[in-house]
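Below, chain A partners chain B and then partners chain C, in two separate complexes.
And now, the complex of A and B:
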């Protein structure tokens, strides 16, 4: 009997850890999403689906969904394409590629707040480095952080720059796992570089692409720090992505019930997206050469 | 050898028990504040704390720099349900009403009434701590906005003597001249007003955001709309204020002025010492303009005590609060930062006398007190101020019409006030 429960006993500490830091907060969030609370009141009256109704009928919420979707649609393919391209040139174990791998990976381990602060200086309209450099080639001042479209584009660029190193490293591992014989066979058959990439590399690196796709879509929907530091969701709500809205509603407007409802909706949205990806793309992924 | 070891162990045990006893005897007050220890304001606060601890060996003040006033509000909210709140906290004078209303702050009325300090505080300083007839905070850093200008930039822009800066038109005219003459050098006329200055400019236009007496929401009154239209026009119509100061009030606004890139800045008098350090003799300080009337808001913050603190901690915290508002401490604070004196006897202190004599312009905020007004602080103000930033951005960048924005904002604020009152 004791032998039967021993394995469970061994995983108990980890289960307790996950419960405290994941499951209990999720359950608390779901509970709070049906209540009205401002962090300070002693009571948390039950309001049913009122918070959800408020969100689903508000233009602000749908604006945030739209902006987050645009951010994900542009930034995820951009990240993956650039990362695969860079990784293709960096698989060699020579000195220069190894140095470059390190250089590309550096932003991934740098504080996001520091990166966001530096880039907000870089893209400042009147006092920024970007416009100062453009001035030398005769380009006028560009309102990077004040134009709604440009502000979103800047966030996409900064996020791509920050995350691409991680994608490159994962892609390099995927590329190095492709058997050399397949490339040799393709060369014997007279395959050109592009064709070899399309017919050999792309299909065999698909499991890596699928993994990165799942991870980067989740990341794109959860992006917060660079938004909060660089734009605060502005100008005119043009970069007010879902998690930024969640923070604003919960922590600056004191509506923790609606903030929790937003967190639950985001959770459902991410599960739905993962299921769709699994159905549409997952089935086309082959894990053997 | 063994005997020596036993002696040493015994001595260590006695020392350990003794030190534990000492540390248990001391009352520790955790104190959240908004003054960066690396800047003059934070250094002045540290000096006051050191003086207090030297005079009160039984009390230890544990200061924690949290960030700006908004950061304190956000972090405090998260800390309360987690039972990790401090014992004492700096709260901005219009934002503490919500916390007082929800019972988070201790009613300090009895402490204040039994404290001789009460008679020493200026009337405005006593008033800012009162919410619905009870005292919840004691002022520490009181301020009004003032008008800072860069004499060097004025001179380069062709002003041989100090121009009139009394009305909106005056400000615009001077800002235009600076931008036209020095724009190619990357210099702009005026910093896009920050939220404190915006509130001041609305009051200068004979209006307010919320009526301090009746609590009526005045966001959509004609004079408020007119003031916002003028402020927004500085950025998107006249291009005399950098849009960087709109999207980032600190870096694009104040920091640009401190680095000599802007001619005029309206900001808290608490920026005086920092500005003086940055611009030296080039710094000029004037009262806020009087567009339709002369009226400035009283800002800054006071220290409150959390209702969850133990009684002995509350007593120790109040002792510190009272010490921090004493004439001696207030003189350190006034001379080290530029914030206004709150104690009637501060000016009698040598430090304050030296500051008044040797730091020209530091007295401008004091001279404005004749027309300074406390601002309303009902619970909805915290929500209103947090919401205003994004709307101002849209108005100043010309992305939304000022009248539409403020009408909609007024309606939402009324709804939120009603919800909070439930």
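And now, the complex of A and C:
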């Protein structure tokens, strides 16, 4: 009876692609992470945990972890705070707020490479807009991309500019779900604007905040394009975030074993974060106001 | 403050322009001559676009991006719709488990498959080909998940009426489910298209031949190889950048609502 097998035929193409390009690669990565290989040689000798050991004792790896963590610690709260602030002005469906929402959202669908190139120009030392503007207020040329700390800060700003529209859209959906009666009640009680925000809005958008928090931390650990285009991890490894290191080790040093070990560590970390998202958040963070 | 009176609206408009000013200014710059720009003057030209398209192959990159994103979108949405239909409408052994396996991939960071996929495609000789760009992008778990939820909201009585008329299950999909899911399918198709259009790391590793570069890889390289002698030819780079964002900008103006709805539905349950 063919009908019994029909649904399997319908899902077959999807499952085949997922198996070949997602699930089997996980196994391949784990396998390769225990081996030494350079893409070329005929053999891939088994080296046990050596790649992991090498990685976990290298300053390079911990530098990457540190930089990625700094990136997340600065950029995530920045994004969420700015987004919530903007969203609370933009919940109405009138023309002006919709236009402004569109403006904020535009960069999140624009190519990251273009954005990275445009901001490379904005922050270029000699011909950039940033320094041209600073000149008007009497500040000398700042070597944005040549200074280790400033370069990381620029990447954080660019990432914020690109992603904030998404955060705003999600926050608006969260804010629109808050019943108007709660605001009315707060108004009757004579709540001042800031007070209402703290006592009504903040607690009630908590689930949205946690969702965005985890999503954006996960994203921060996967930042690659802006690093690759704007800094190549430099100056002096100051922006060598984890995926950039993975790309470097795998595709410029051709150290497949170490690259795979790094990919596996990143995988474990991000899966753990995702599980936090679906478990803890589902349970713990509900309206407590 | 709700941004409703004219003064506030004007303020909102200005703020939006200010926010987008780096991008707007880059487009403005793309119409200036490099010589005047570096001399601090202002002189307009469309020559940067001519050079980007001709001398620097951006016509070819544009074509590559259109082909790859187009096929990924059509193929990806078809595969996702077919699977979503099966998961939404049929009860079959292992169905829940398999659906779980599909949804679980949403948690899996794509970078774990970077090296393995490179090896897989090298083994079958598909690096440096359209197929090498297209195949790894064909499965969209998010679209499948989203469309399954949507299809489950369509009354089953409509399917049954069609079956009564002697329709096969594929006819039900094509005549009943697809027309009724059009907004969701459109949202997801856009989602897939934009993702593929903007994708960077995979084309970067999978393609080594200039005539197969996508716009994103071509643009990153143009910026890196630095065609101006000593100084970067910013007006040229900005013309190339504008070419690579234009299709998405135009599309965005048309379908912003659909896109926002799709994204919000995915996030807020």
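Simple rule for what comes next: the second predicted complex is superposed on the first by the 255 of 289 C-alpha atoms of A that agree within 3 Å, B and C clash if a C-alpha of one lies under 4 Å from a C-alpha of the other, contacts with A are read in each partner's own complex, and residues count from 1 in each chain.
Just so we're on the same page, a residue touches a chain if its C-beta (ideal position, glycine included) is under 8 Å from a C-beta of that chain, and two chains touch if they have at least 3 such contacts.
Note that the structure is a prediction, hence the values are computed from the model and not measured.
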* **chain A as common anchor, with chain B and chain C clashing or fitting** => clash
* To do: For A:166, select first, second, both or neither according to whether it touches chain B, chain C, the two together, or no partner.
  => second
* Look at A:237 in the shared chain and tell me whether it touches chain B only, chain C only, both, or neither; answer first, second, both or neither. => first
* To do: Quick one: name whichever of chain B and chain C touches more residues of chain A.
  => C
* **Which of chain B and chain C A:109 touches, first, second, both or neither** => second
* To do: Using the superposition on chain A described above, determine whether A:251 touches chain B (first), chain C (second), both, or neither.
  => both
* First, second, both or neither for A:127, with chain B first and chain C second -> both
* To do: Examine A:228 and indicate which partner it touches, taking first as chain B and second as chain C; both and neither are also allowed.
  => second
* **Selected from 114-122, 132-140, 150-158 or 240-248: the stretch of chain C that, after superposition, runs into chain B** => 114-122
* **Set intersection of chain A contacts, chain C complex versus chain B complex** => 120-121, 124, 126-127, 251
* Contact set on chain C toward chain A in their complex -> 1-4, 8-9, 12-13, 15-17, 19-20, 22-23, 25-26, 29, 37-38, 79-80, 82-83, 85-87, 90, 92, 95, 98, 101-102, 105, 107-120, 135-136, 138-139, 141, 144, 169, 194, 197-198, 200-201, 204-205, 215-217, 219-220, 223-224, 231-232, 234, 237-238, 241, 244-245, 248-249, 252, 256, 259-260, 263-264, 267-268
* To do: Name, in rising order, each residue of chain B that touches chain A in their complex.
  => 70, 73-74, 77-78, 80-81, 98-99, 102-104, 186, 188, 242-244, 246-248, 251-252, 256, 261, 382-383, 386-387, 389-390, 393-394, 397, 399-400
* Structure fact -> Per the touch rule, the chain A residues reaching chain C in their complex are 3-4, 6-8, 10-11, 13-15, 17-18, 20-26, 28-29, 32, 89-92, 94-97, 99-107, 109-122, 124, 126-127, 129, 161, 166, 169-170, 173-174, 177, 208, 211, 215, 218, 221-222, 224-225, 228-229, 243, 246-247, 250-251, 256, 259-260, 263-264, 266-267, 270-271, 274-275
* Along chain A, where are the residues that touch chain B in the complex? -> 38-42, 120-121, 124-128, 143, 145-146, 148, 231-237, 248, 251-254
